[in-house]
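Below you'll find a set of structures to go through.
Heads up, the next two complexes both have subunit A, just with different partners, subunit B and then subunit C.
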Partner chain A sequence: MKNNILIIGGGPAGLEASSILVKMGYNVILVEKEKELGGHLAKWDTLFPDGLKAEDLLKSLIKKTEGVKCFTDTQVQSVNILDKSYNVILSNGITVLADALLLATGFDLFKAEKKEEYGYGIYEGVITNADLEQFFKGKFSIKKPKAVGFVHCVGSRDEKACNPACSKVCCATAVKQACHIKETFEEADVFCFYMDLRMFGRHYEDLYLKAQKMGIRFIRGRVSEVAETSEGRLLVKAEDTLSSKPIKVTLDTLVLMAGMRPSESGYMVGHQLNLSVEEDGFFSTKDTMLSLQKSNLEGLFFAGAATGPKTLPDTLHEARSAAMEIDNYLTKK
Partner chain B sequence: MTALLQTLYTYSQITPEGIIDRYPNSYNHFVLPFVIGISFIMVYLLIGLIRILYHLTAEDRKRLFISLFTPKTALKNIKDIFCDCLLHTKIWKRKPLLGYMHSAIAFGWFMLIVLGHIEVALFAPRHLDSVADGALYYPIFYRFFIWMSPEHETLRGSLFFFLMDFFLLYVLSGIALAMYKRVRSIALGMRHTTKPSLADRVALYCLWAIFPLRLLAEGFTADLSGGSFLTKPLNMLFRNFFGNELNFLPTWWLYSICLGLFFLAMPFSRYMHILTEPLLIVMRNAGLKVRKPRKGFAEAEIYACSSCGLCLDACPMNTQKKNLKYSSVYFIRFLRRHNEKKINEIADKCLMCGKCYALCPVGVNSPDIRRAQRETLNHKLSFDFTPMDNFRLKENSEESAEIMYFAGCMSHLTPKIIKSVTSVLESAGKKFIFADREGGICCGRPMLLAGRTEAAKELISKNKKMIMESGCKILLLSCPICYKVFKDDYDLKGIRVLHYTQYLNELIEKGELKVSKGSSSMVYHDPCELGRGCGVYEEPRNVLRSIGELKKAEKERDESICCGGSLGSLTLDNKDRGKIAESSINNLTAENPQSIVTACPLCYRSFREKSPIPVKDFAEVVCENIKSN
Partner chain C sequence: MVEFGFKLSPSSRINLDLRDKASFSKLVEIEPDALKCMACGSCTASCSAGIFEETSLRSALLGLQNGDKEKALKLLSHCMFCGKCTMVCPRGINTRHLILSINKIYQVR
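Up next is the complex of A and B:
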């Protein structure tokens, strides 16, 4: 008899894990709350460090999932822990008896309007990283800017936003987006306001170098507040900590690099299962080294950003190891 | 007047018939403990008074002296002393049972002393003449020293007997409540009470014992010296038990010892406030302010603290029990003991919301003492405001407007407030100068709160120059923190300083701004600096009532709970602030309003983090409900 595996979340992690598990011969059911598969990846235009088209990556991920039962526009209504399995009722009325559960619930972007001093939702020129990707995809419009600024760490590394942790991907995304903007509007001045640039991955540093060569200006210091000038442009106040001086820059577009927060729908599922979360709000794993895919519950596994901010390659790795852990678990059983 | 006094005096010199001193020289050894105690406390008070006066600045001393002879303040002094020290009207208003307890002990005891002296003045006046005749103790132990022939009982005498017994009963009822409060304070409306120190305990138990002992002592002698409805029956009861030979000296000894011990412990205990509160009232009415945290006026405040602990329940930090130690009562206790380390920690932790001051029955301005304490450390920190010299008012070149809008740093962190204020002004057709549209200088209040008075003065002078040069008539503020400092510390002659709640209320009342009434319900949160700080409670409520249904918070106006975001605290961390915000929100949502409205950018920010229902700014709500013509 084929074991049932339920995967919650149809983003990169869920897709990759489901395709591997289905090849192993399991009966895989994938639940996605949105109408389309792909999670945040579906909303992105290009990916750092080499500008790979998100659409292409997503297509190839979906292509591999042949044989997986996908329920989109579907949410988990309730989960019950049975003796050696999980009884899951979905919002489309289907009940699944799953031998293993994989939480690939990912992340939500930090709600940028919470940092009201940056004026998201108040000033027209203030947008988020997600909005900018939509613009690159041609689904969002901005006026042709003379000057553009990027604010790193919005809702990350910020005690006041209740998140002292780093979101890991925003630095590289910002540099990538800054280059993209400079390519789109060659005349525009582009500024990046950063705390420190965390360009840790392979080729990331090259991206940074490229940006500098393109004339993007990096200012080390946080933006304190954004005001509107009498002409309706954005007056950005920040501190340049390298020259130890307060600075003011007038911009037309300000992009807020919203960080990663635990996904709300993931939290709802975890709450029903009494899963513990760490101080950052993401699920806690069984340990911090050897069993990163395991939870404290038998037969419940994690992959991707459900356990903290991750880059896409990390997420895909996790999906693969989660598939292996699940296979191990079910074979032993 | 003098003639009347003369007659009274000569009249009182005549000893009525039938009253005989039982002891020829009116002395017995048992009075010694009391005499020692009362002498000690009098000397202590005298030295303390000299110390306090010595530490006042010459200007303050002069001001105090003049106020004593200004009829208006002198009358106010008398009224305040009577209401606050004896009747405790402030406690009555908030917690009647607690008020009764305090006034029973204070007013009752006061009346016993006064009536006792009048009695002596009427019936044995020579004993009031000099210390040698026992003036110090005789009126207190009057009943011990006299023998009254039962045939000569007069109506006047009986009236005094009755009054004395009546007030003794009044005090005893207060003492009984006090004992009950020790066991179950919540019954009298107090969730937390202070931990008493050793001296507090000694004084407390003596205080509890004094009046029952007095009852016993006077009961023992009631057949000799007379008595009324309490002491007479008690005397008969004793006779039934002990026969006719009553050995009453031990109770009188005990009574005297308790009084003496009470006075000896008094300066080191909370009960010092009984004697020092009048001094504080007089100094406060003279308009004195705290200049140093431990000397002069502050010392009068410190010794006037009754350590009652009402500030424990008032303090917003005390939603968590671990923060009880930062309450004003302990701050003042440590100040009194010169415990520098703890004083500084507590001084820095406080949110300066002023609720403890608002609810303090004695009126000890502990936020101000904390500010003075911060000053002792922080005034040394250096500052450099040279970049400010380049600051110019950009919009000055445009046509001059009557109104200057100063948003302040905090409103700039909440641009929605600025947008709402400017658009409301525009819909009312008002021209205004936006003083800090593209950045400005801080109002100085945060520096003042942190005890950096010199730095604040610099900011204040720069801003003042800018405002005076602009030629505006109204200075409009959207931040209560700015509003308080512009109102209190700027001295802007000829310019009306208004918070936007006041100004919009005016516009609506004058009909210059029309709002439509909706059906949504809201609750208004009184920001600390606006409510307790500046006394603005009515104007915002007025406006909100004309916009929607205004619901009540569980505690509001001067009892409103700080949002936790106050700039006043220098060391409180985000977690603790979050807890305070939650408790404040719980207080606000008692009647299930649809939204919370506040009039301070800081409250707005703190609430938005935690609130389950929408949090709106006052101007935002007005802006949403403007009736377009």
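Up next is the complex of A and C:
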């Protein structure tokens, strides 16, 4: 008899794991709470580091899931641990007896309005990284700007925002978006306010160099406050720590690089299973080196941003590893 | 007798709205590598003139972009064009030539 595997979360991690497991011959059920599959990937326009279209990546991920039973617009209502399986009741009335469970519940974007001093939701020109992706997709409008700023580390590396950790993807996202803005509005001045520039991946440094050559100005210092000028523009203050001097500049658009926080609905599922989370709020893995896809529960696995900020390649790797771990587990069982 | 009064001191804040964008653009036209500096400080660290007089290409490039031309040019005024900084720049900038171009664009005699 084919084993049942339930995957919670239809983002990049859930999609990739489900397509691999279905090819291995398992009976795979994928549950996604939103109306559409794709998770955050569905909200992005072009991807760092090479400018791949998010839409194309998503299409190919979905195409591979043939044979997977996908339930969208569906929540997990309750989960019970049985002897060697999980009894899961879904909001569409279906009950699944799963031999293995994969949590691919991803992340939530930090709520930028919590950093009140940046004025998100107060000043029209202040938007988030996610809003800007929507703009590039043609689903959000901004006025043609003369000057644009990017604020790194919004809701990350910030104990006041209850998140001392780095969100890993937002430096590369900022540089990607800054280039995209410069390509869209050639005349605009573009500034990135950063504390450290974490361009760690393959091709990322090239992206940084590209941005520099396009004339994007990198200012080392955290934006401390934003105010509105009498003309309705934005007055932005920071310290240029390389000059050891306070700096101010008037901008039209300020993009806040909101970080990655644990998914609230993922947490709700974990809570029912008594899964532990680390101080950063993301799920704890069985260890931190050898068993990153395993939880402390037999038969329960993780993939993707559910266990902390990750890039798409990281996420997809984890999904493949999780599929392998699940296969190992079910074969031995 | 004690005198009271207020003294107006100039702001030490950098105001990017007032920076000289045109001159820096002109510099970039003839010396596109001026944009590639990543502020590592290698040029300043190995500068032969810097041991005697404050000299820093890193800081000068920053000054030019922040609208502090005077300070920037002062930081290069003791350069002897020895080219040591060119050898250490990790971004492969021809720093010696860049300094010559800065002097040309900003009309240093």
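The criterion applied here is as follows: the second predicted complex is superposed on the first by the 333 of 333 C-alpha atoms of A that agree within 3 Å, B and C clash if a C-alpha of one lies under 4 Å from a C-alpha of the other, contacts with A are read in each partner's own complex, and residues count from 1 in each chain.
As a working rule, a residue touches a chain if its C-beta (ideal position, glycine included) is under 8 Å from a C-beta of that chain, and two chains touch if they have at least 3 such contacts.
In this text, all values refer to a predicted model and were calculated from it rather than measured experimentally.
Once the two complexes are laid over each other on the shared chain, residue contacts for A:E228 go to subunit B alone; subunit C is not touched. Once the two complexes are laid over each other on the shared chain, residue contacts for A:L82 go to neither subunit B nor subunit C.
In the superposition on chain A, A:L209 contacts subunit C only, with no contact to subunit B. In the superposition on chain A, A:K248 makes contact with both subunit B and subunit C. Look at A:L52: by the touch rule set out above, it reaches neither subunit B nor subunit C. In the superposed model, A:I122 lies in contact with subunit B only, and not with subunit C.
By the touch criterion stated above, A:R217 is placed in contact with subunit C alone, subunit B being left untouched. Applying the stated contact rule after C-alpha superposition, one finds that A:L97 touches neither subunit B nor subunit C. Of the two partner chains placed around the shared chain by superposition, subunit B is the only one that A:E159 touches, whereas subunit C remains out of contact. Counting contacts as defined above, subunit A residues 246, 248 meet subunit B in one complex and subunit C in the other.
In the complex of the two chains, the subunit C residues touching subunit A come out as 12-17, 21, 28, 32, 35-39, 58-59, 62-63, 65-66, 68. Listing the residues of subunit A that touch subunit C in their complex gives 189, 191, 208-209, 212-213, 215, 217, 220, 240, 242-243, 245-250.
Residues 387, 395, 412-416, 418-419, 437-439, 574, 605, 608-609 of subunit B are the ones touching subunit A in the complex. Interface residues of subunit A facing subunit B in the complex, by the touch rule stated above, are 114, 116-117, 119, 122-123, 159-160, 162, 225-230, 235, 237, 246, 248.
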